[in-house]
Amino acid sequence: MMKLHEHQAKGVFADAGIPTPSSQLATSVEEAVDAADSIGYPVAIKAQVHVGGRGKAGGIKLVEDEAEARSAADAILGMDLKGLTVDSVLVEEAVDFTDELYVGVTMDRSAGKPVAMVSARGGVDIEEVAAEAPEAIVREHIDPAFGMHPYQARQAAFDAGLGEVATDVARVLSTLYDLWAAKDATSIEVNPLMVTADNEIIAADAVMNVDDDALFRHDDLEAMEDEAADDDLERKANQYGFDYVRLSGNVGIIGNGAGLVMTTLDIVDYYGGAPANFLDIGGGAKAERVANALDMVFSDENVDSIVFNIFGGITRGDEVAKGINEALGQFETIPKPVTVRLAGTNASEGREILNTELVTVEETLESAVQDAVENAEGTN
Amino acid sequence: MMKLHEHQAKGVFADAGIPTPSSQLATSVEEAVDAADSIGYPVAIKAQVHVGGRGKAGGIKLVEDEAEARSAADAILGMDLKGLTVDSVLVEEAVDFTDELYVGVTMDRSAGKPVAMVSARGGVDIEEVAAEAPEAIVREHIDPAFGMHPYQARQAAFDAGLGEVATDVARVLSTLYDLWAAKDATSIEVNPLMVTADNEIIAADAVMNVDDDALFRHDDLEAMEDEAADDDLERKANQYGFDYVRLSGNVGIIGNGAGLVMTTLDIVDYYGGAPANFLDIGGGAKAERVANALDMVFSDENVDSIVFNIFGGITRGDEVAKGINEALGQFETIPKPVTVRLAGTNASEGREILNTELVTVEETLESAVQDAVENAEGTN
Amino acid sequence: MSVLVDDDTRVVVQGITGGEGSFHAQQMIEYGTNVVAGAVPGRGGETVHDVPVYDTLATATTEHDANAVVVFVPPAFAGDAMFEALDTDVDLVVSITEGVPQQDMARVYRRLGETDTRLIGPNCPGIITPGQAKLGILPGNIFESGNVGLVSRSGTLTYQVVDNLTQRGIGQSTAIGIGGDPIIGTDFIDALELFENDPATDAIVMCGEIGGEDEEAAASYIDQNVSTPVVGFIAGRTAPPGKRMGHAGAIVSGSGTGTAESKIAALDDAGVPVGDTPSAVADFVEETL
Amino acid sequence: MSVLVDDDTRVVVQGITGGEGSFHAQQMIEYGTNVVAGAVPGRGGETVHDVPVYDTLATATTEHDANAVVVFVPPAFAGDAMFEALDTDVDLVVSITEGVPQQDMARVYRRLGETDTRLIGPNCPGIITPGQAKLGILPGNIFESGNVGLVSRSGTLTYQVVDNLTQRGIGQSTAIGIGGDPIIGTDFIDALELFENDPATDAIVMCGEIGGEDEEAAASYIDQNVSTPVVGFIAGRTAPPGKRMGHAGAIVSGSGTGTAESKIAALDDAGVPVGDTPSAVADFVEETL
């Protein structure tokens, strides 16, 4: 799931005709101050990182003059927000509002169809509203065969009690749905959608997440992706074509198949270890992919030991073993201890081939994980 | 139903990526010869009028050199083709072909859904093929909820026996369907779709008819409409917002409601007369609309008498009568005899009001038609 | 007895604040139709002819336990309005609007097939059960309660035929204007089936016109399934091929399908007498009864 | 006995000329699956592994009276391929393809609900009835015929669990990989119902993972409707919220739905023992039988 930054999503929304505040992206304090001066005070200075609750974490500041703008930009740029460094801020016109609404579209996976949502209680985390007062969110399921009918958008807005602004909000919701469908979004939302004293509406924030599997037909969005990636290793995984998630532990995990890799993580935890990552190299086990995967995990400073867990299905275990030997042979020294567990077709043949000078070989998933956990503990 | 000219439809198809021969539109012999020279011989010179069977009627000529181009353009420009004057010709690269195919999309009204059609027997009137060898046309119904799936286009092309060019033809058919849906077409076709010796395909003709009722959302097509209208009176009817069809007789007919006007035509015929037109002024009977309708029919040189048949439903007959009096009062002299028949709500009150110095009043549809038919005969 | 609508029909008018909607809502009310509510976005809380208006059709139908909707909205929005009406699960939707884009209607028709709702129209005058209820724009005063069921693709032609019947003292059980568009919700066969099963209908008048093949299909249906006597009329005998005669659906194709000859021949084959004029239709009905 | 596939299943492979399609068609044939034809546009008339190839799926299924289709086409074309397969009216479609865009799948799922066809997948390893037929990419050699039904959202995890079972001499009636995507054709409940009604299945293993609420729904279904003993496994206990763990469907939402805790608790409440490791799952199955 590719997340667009706020400023990217706002660009997409504005192009589709949704009103947004004037804003400029800035990557330095000077740029931010210049932007604030040209927009006119008060402005909001907003960290562009993919972190929920930016505001509470100090990533959004409202400033009244140049001096405040300078100090806010200085504080936010370079700030660490939940592990991510802030490289850019959006400097944005501060909007006077009387109400904050929520509008969004997402996939309801249990229904197998999209759902549009409207709430008069925007401006706070909508999932909190959903938990506390589910009736405050109006949901309208959309038939993917026909798309969202205009009446559905109106019905959602009127049912949410939006009265005078209902038809304008309905128009925004229709546009959001059209974007959702046209851009292969997985979720899209405006929170808050601000209502001004004279009943103008304006999108004060913008969220848009796009289906990775559909990026092939959206060159424009794919071009935003590099910019949007937040983590060096995740960017690298993208290049290698791995499914990769960084975690906080020190046991590196490589395996084939999402369910099996997740299970390996869980078993690391079960034996008292802490997984450093999820890395699925997918089907097959060509030497190059094995080498790339090891390269990634070796280069993660947090990793102290690695468990390499392959269940050879159609792929034969002896071929996997050759791939591992070849891949590890490319390293002059093995920087971190690697425990390999090979199972499935021709697994015993594979285990015999594996170069035990480079890796430790274990027969079962459980023993391999235990070995890797012990290795990781030993380094501390 | 708005018909695009061949050159207009080809422009739309070419913009969508369908290969078309190089061509230029010409409205004078000199332009046509220049176009032919620049395209290079042989070229086809094709009358741009909305008449089926242009070729057979002499509206299409293949020419080998400048002299032939000049004489062909001279012959075709200004030519009368089934009652329509040829104002422009399309000068087009002549394509060497080995096969002529047919591809099209239309609405199957009895199924309530579009149908895509492919035939290996293009280049002739497809309706003749349908009559003689219906199995030579492959039909694939499209679900309007999902649009045409790519597999359906391929299936139609393979089932039509197109072999090596099937996937290319399928691509053209998919594009035609997308155009059909995006442009609110009622029917769209390429006949012939030529296949060259090296299996290139190229659209040698182009037909596209658009739903009048959907023109409001297609400014680009609406702009082509004036250019495409063939008949002065039909253009005028468009301006006035009347449903109007010109016919070949001399009894002008004005009425309210399509079924009733058609019936009036039929009864004119039943009593030995010949209808000059179909003109439905629609609901209500405001003086201005009545005057416009009379103006149209008076200005038709073929009309010798007029029957004005109104069934007042919700509209009251006395109001209709006032409208007719007012409208006719605007003329200094009534140029052609008008017979009025008023029925329905307050019809008798209406009949009393009608100014019998201007019009003849009849009580029944049959007697009104008989009077008008007699008037028309009297003038001959 | 009657078909589809009667004194118990509870009607919501979509677009009741518009010119057409307001005028005809009043006419319907005056005729005695039970118009329980109107629906117009942004006009919720108002009243029109003492009828309460709601912002959404769902609220209007739910609040008033309505079972029928009449659609009076401009053609560009009529497709949406019909989807909205279908999604309320009322029994009957009558769409008066003329000029609905054909492809919008194809999508509505696709959805219609998945629901239990009956749609009449679009581009139709509506339905009337004389003395009980009318949903649409038919002029109530020309109708008389009686035993002839009438189904027609045309509006004013229907009035003409009804006028001819009423003037001879022949009343109508129910009259249904199914509409002049190429794609419509209720077709001749649906209406014939309803009248065939209605004990109060002793004869049926079917007014067809050029275009399509619905009359031919109806003729074959009558031949197989209808015991009630049917009298026919076909408008457009003099229409040239390739020209749309007012109604979007009234067009003889270049290949000669949809002609009046074909339809009249089919009805003849099914034993249905076809009048040359509306008064000839009334003659046949008179003979039949 | 078995569910869905057996010796009589007649399979067409869509995309049989591609790398994956060709390789796995061969594997299926070697396993004994009755692969009757392939379908690839433009490759009609060829043969692959002695199996005839057709340009269209409709021709392939009709010519060979096939009742199942396996989809091996690239993700960009898989939605179209599934629509094509659904429109042939075969009984079973198994879609192996990983990476089908979610919105394509939502449309397929909408259409699926109108048909009588069962879809397994996409993004799944397929289905196997050991000793009879396999449709998909599961490694046949690790399976043994037996009396345990297995349903799983994951591929290699399934192999791991099956391996643990087989090594203890516990065979399988049928194993169904339902796939790791958010929208899939056959879900846990469908599979549980099939196994519950299969006399040859004496115990069921259900391997779930984080994301969505299908496991919770399945737990409640088991509680109400399943008398066959069920053993559970849930992958992803250590997955952080908001991160997709490989499978498009394996994601815990920011609001905390889709967690392993919730799923394990639901299964516990339904009396389903949940193993901490795959071998613990095999322990529970062994105790059950």
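Per-chain residue numbering starts at 1, and chain names A, B, C and D are given in the order in which the chains are listed.
The working rule: contacts are C-beta pairs under 8 Å (C-beta built on N, C-alpha and C of every residue); 3 or more make two chains touch, one makes a residue touch a chain.
These numbers were taken from a predicted model, which means no experiment stands behind them.
Taking contact as defined at the start, I'd like the list of chains shared as neighbours by subunit C and subunit D.
The common neighbours are A, B.
Please identify the chain with the largest separation between its CA centroid and the CA centroid of subunit C.
For subunit C, the chain whose C-alpha mean is farthest off is A.
Across the interfaces A-C and A-D, which one involves more C-beta pairs in contact?
The comparison resolves to A-D.
Please compute the C-alpha centroid of subunit A, do the same for subunit B, then give the distance between them in whole Å.
55
Could you please state the distance in Å, as a whole number, between where the Cα atoms of subunit A are centred and where those of subunit D are centred?
Measuring from centre to centre gives 28 Å for this pair.
Multi-chain contacts only, two chains or more: what residues does subunit C have there?
107, 111
Among the residues of subunit B, which are close enough to touch at least two other chains?
145-146
Name the shape of the chain contact graph, picking from line, ring, star, complete and other.
Chain contacts: none of line, ring, star or complete; other.
When you check every pair of chains, which ones turn out to touch?
Listed by label, chains in contact pair as A-B, A-C, A-D, B-C, B-D.
In the complex of these two chains, what residues of subunit B are touching subunit C?
Answer in residue numbers: 1, 52, 107, 109-110, 112-114, 127, 130-131, 143-145, 181, 184, 186, 211-214, 216-217, 243, 245, 247, 255-263, 265-270, 275, 278, 280, 311-314, 343-345, 364-366.
What residues on subunit B touch subunit A, complex-wise?
It is residues 145-146 of subunit B that touch subunit A.
Please name which positions on subunit C make contact with subunit B in the complex.
Those residues of subunit C that touch subunit B are 23-24, 27, 75-76, 99-104, 106-107, 109-111, 125, 137-139, 141-142, 152-160, 163, 180, 182-183, 207, 209-214, 217, 233, 235-240, 242-251, 253-255, 260, 276-279.
Can you list the residues on subunit D that touch subunit B in the complex?
41-42, 44, 55-59, 77, 80-81, 83-84, 87, 107, 111
Show me the residue ranges of subunit B that touch subunit D in the complex, using the header's touch definition.
Touching subunit D: residues 146, 149-151, 154-155, 158-159, 166-167, 170 of subunit B.
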